[in-house]
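In what follows, structures are represented as structure tokens.
Shared between the two complexes below is chain A, which has chain B as its partner in the first and chain C in the second.
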Partner chain A sequence: MNIQDLQNLQLIQIASERIRNVERPRSVSSVSPFINNNSTILSSCGVLCLNPTQESINQEGNTQREKAMDVNMLQRTYSDLLTSLFREGILNQQFTELQQLQDENNPGFVYEVVSLFFEDAGRLINELISNFNQQAVDYKKIDAYVHQLKGSSASIGAEKIRSVCQTFREYYDKNDIQGCYNCIQPLNQEFVTFKSKLEALFTLEQQIVAAGGSIPMMRH
Partner chain B sequence: MASSQVVKVLIVDDDNFTRRIYKTMLFRFCFEITEVEDGKNAIQQFVDGNEYDLVLMDKHMPNMDGVEATRTLRGMGIPVKIVAITDDASSKDTFMDAGANKFLLKPLTFSMLTDILKSFNFLN
Partner chain C sequence: MTVETQPQFHVLAVDDSVLDRKLIERLLKTSSYQVTTVDSGTKALEFLGIQDENSENAASVSPHHQEVEVNLIITDYCMPGITGYDLLKKVKESSSLRDIPVVIMSSENIPSRISRCMEEGADEFFLKPVQLSDVSRLKPHILKKSVKCQDENQNQNKSVTTISSPTNNVSGNKRKATDDGICSERIRTRYSAGPVTIV
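Right, the complex of A and B next:
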């Protein structure tokens, strides 16, 4: 992970803590919009004294304002993370296509297909690594695995993974076995990176929804 | 069109991930969807008497690839609309010669699918 990733994770942690431990104001010393005509004013010290009902209403208002700020921060963190995924070339436009397919009839569609991809791609990459470690390498089988991985990564918008698969196939077509072999480690690394970043994105989504917010829709 | 008013689509692709995405796109139109994993099972659907309005056909599949499946369906006199969807750009001529109606490159987007459905008058 790079510094930006660490900062994003720190933001997520801070936001989560604040949601879990909403601080209540120790005192009410300013005029609240929720004050009604029943409030009592001590004009000698200029401090507004409120009956207990008014104070609890103000505390409730401050809590709601604080929650709104937490949701806003989570949403900003989400937007920043998603933007960085496109900027770094980890995701492409196809991911936006998937997001647009998600609606009230398919509320968890993106999460579902990405989870499916994690499972399938993880299995394929393990098979690739395992096959390359055999004494007699079955390159036809390896090519079939990479072909499948290229297709699914293209379908989900996992651009860097797709790109490494494309490079592998170019080496394969030229019978460059060393070139093929050299693609495996980067392929695994790109998958690990993709998985960790998408998991962070989904965690933020869950926190936004739990805090009563909505997931920002973004165009790329 | 197939006998009922609902458009019936057959998805032929060995990747369950791809099938899932196509299904979600097609559900938007309330189509009836069947999915199979290879060309051989696609042929079997028609042999069993099932009728479809549209086939979304991948190329590289085990048992029977999409080109062979397309050629076989045309040889059986099946007039269903066949749309080849593959990442193998070099297979376009082969697919069209085999009898495909349209050829698209993966990944399929929702707008590509909508355009195809409109061209076949499946969106009324």
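Right, the complex of A and C next:
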């Protein structure tokens, strides 16, 4: 894990603690305004009106404002993480295709598909590693596993994993055993990285939704 | 609840990968198709009402008509057991099913494989990962077959077959171009719950 990951995780922790400590507003009015001392106006539908007691406004305002700021922060962290995943080449355009298939009727589609991949890829990589540790290595079998892994990773947009699989198969075609062998550790590492980043992404999604926010859409 | 003014077309999707099945199902349903997914060519043939002589469950030939009409078959090429190519052949050999359009999907861009499939009667060949833009190309094939063609000569009405290429397939696949139809040995533990999912 790098510094950025750690910072992201810390942000998530801070954010979730703040959300837990925030008091739920007792009544929800669709037109209530929240004005703080710095004249920042926050309203759920952009309408300004006045409440009787300034004090109760401030208290409610601070609570709601804090909550809104937490959601904003979570959303920013989410967007930053997602952008970095594309920029670093961990995800490719296919992942965006998956996101576009997700809608209010299928809210968990990306999560379901990626979870299937975690299972599938995890199993395949374990098979690869154990097969490589055999006395007599069955390279044809290993190539078949890598073929499957390449297909799955391509299907969900896990670009780096797909790329290592492709490199492996090129070595296999040239009967370059050492080349094949050298791909296994990177493959495992890429999978571990992919899994932890996507899990962080999904955790952020859950927290954003729990805090009443919406998941930011990426623009390409 | 909206009322469907147009009848839904029914697609049979065949793929041994549970992940790819989920994906193709979502792609098709998003495009308003009714979808049945199966995890093997053998099960596809069972569903279609053709008995596969190589099937493990060698029961007596079932004479029943398929109860649900299938408007299009989309199948993965590389599968354990009978391949997508074998499935294509069997469908085209069947008098009752040969008019159903068949689309082949493959993760490998092998020209000889593609031409073999097209020669055998496939209507399209999609490179994986299949995208919404690919699925949008299915409708003409379904409509073409469902219209009673007066013209005896079917070749005149055959649309130009094109091969789609996903935009994220950056580096070309430099694997050997030879393909005698044998996929790399598939060793896949079948852990999918049910064989047939009708949705």
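Going forward, the second predicted complex is superposed on the first by the 183 of 220 C-alpha atoms of A that agree within 3 Å, B and C clash if a C-alpha of one lies under 4 Å from a C-alpha of the other, contacts with A are read in each partner's own complex, and residues count from 1 in each chain.
Simple rule for what comes next: a residue touches a chain if its C-beta (ideal position, glycine included) is under 8 Å from a C-beta of that chain, and two chains touch if they have at least 3 such contacts.
Worth saying up front: this structure is predicted, and the values here are computed from it rather than measured.
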With both structures lined up on chain A, is it a clash or a fit for chain B and chain C? clash
Going by the contact rule stated at the top, is it chain B or chain C that touches a larger number of residues on chain A? C
Tell me which partner A:H147 touches in the superposition: chain B (first), chain C (second), both or neither. both
Identify the partner contact of A:E170: answer first if only chain B is touched, second if only chain C is, both if each is, neither if none is. second
For A:N72, using the defined touch cut-off, is the partner it touches chain B, chain C, both, or neither? Pick first, second, both or neither. neither
According to the stated criteria, A:E159 is in contact with first (chain B), second (chain C), both, or neither; which is it? second
In the superposed arrangement, does A:T203 touch chain B (first), chain C (second), both or neither? neither
Give me the intersection of chain A's contacts with chain B and its contacts with chain C, in residue numbers. 94, 97-98, 100-101, 106, 109, 112-113, 116-117, 120, 147-148, 150-152, 154-157
Show which residues of chain A lie in contact with chain B when the two form their complex. 94, 97-98, 100-101, 105-106, 109, 112-113, 116-117, 120, 147-148, 150-152, 154-157
Touch list for chain A against partner chain C, complex: 92-94, 97-98, 100-101, 106, 109, 112-113, 116-117, 120, 123, 140-141, 143-145, 147-148, 150-152, 154-157, 159, 166, 169-170, 173
Which of the residues in chain C end up touching chain A in this complex? 17-20, 22-23, 26-27, 30, 78, 107, 128-129, 131-132, 166-168, 171, 173-176, 184-189
Please output the residues of chain B touching chain A within their complex, sorted ascending. 14-18, 20-21, 24-25, 27-28, 60, 87, 106-110
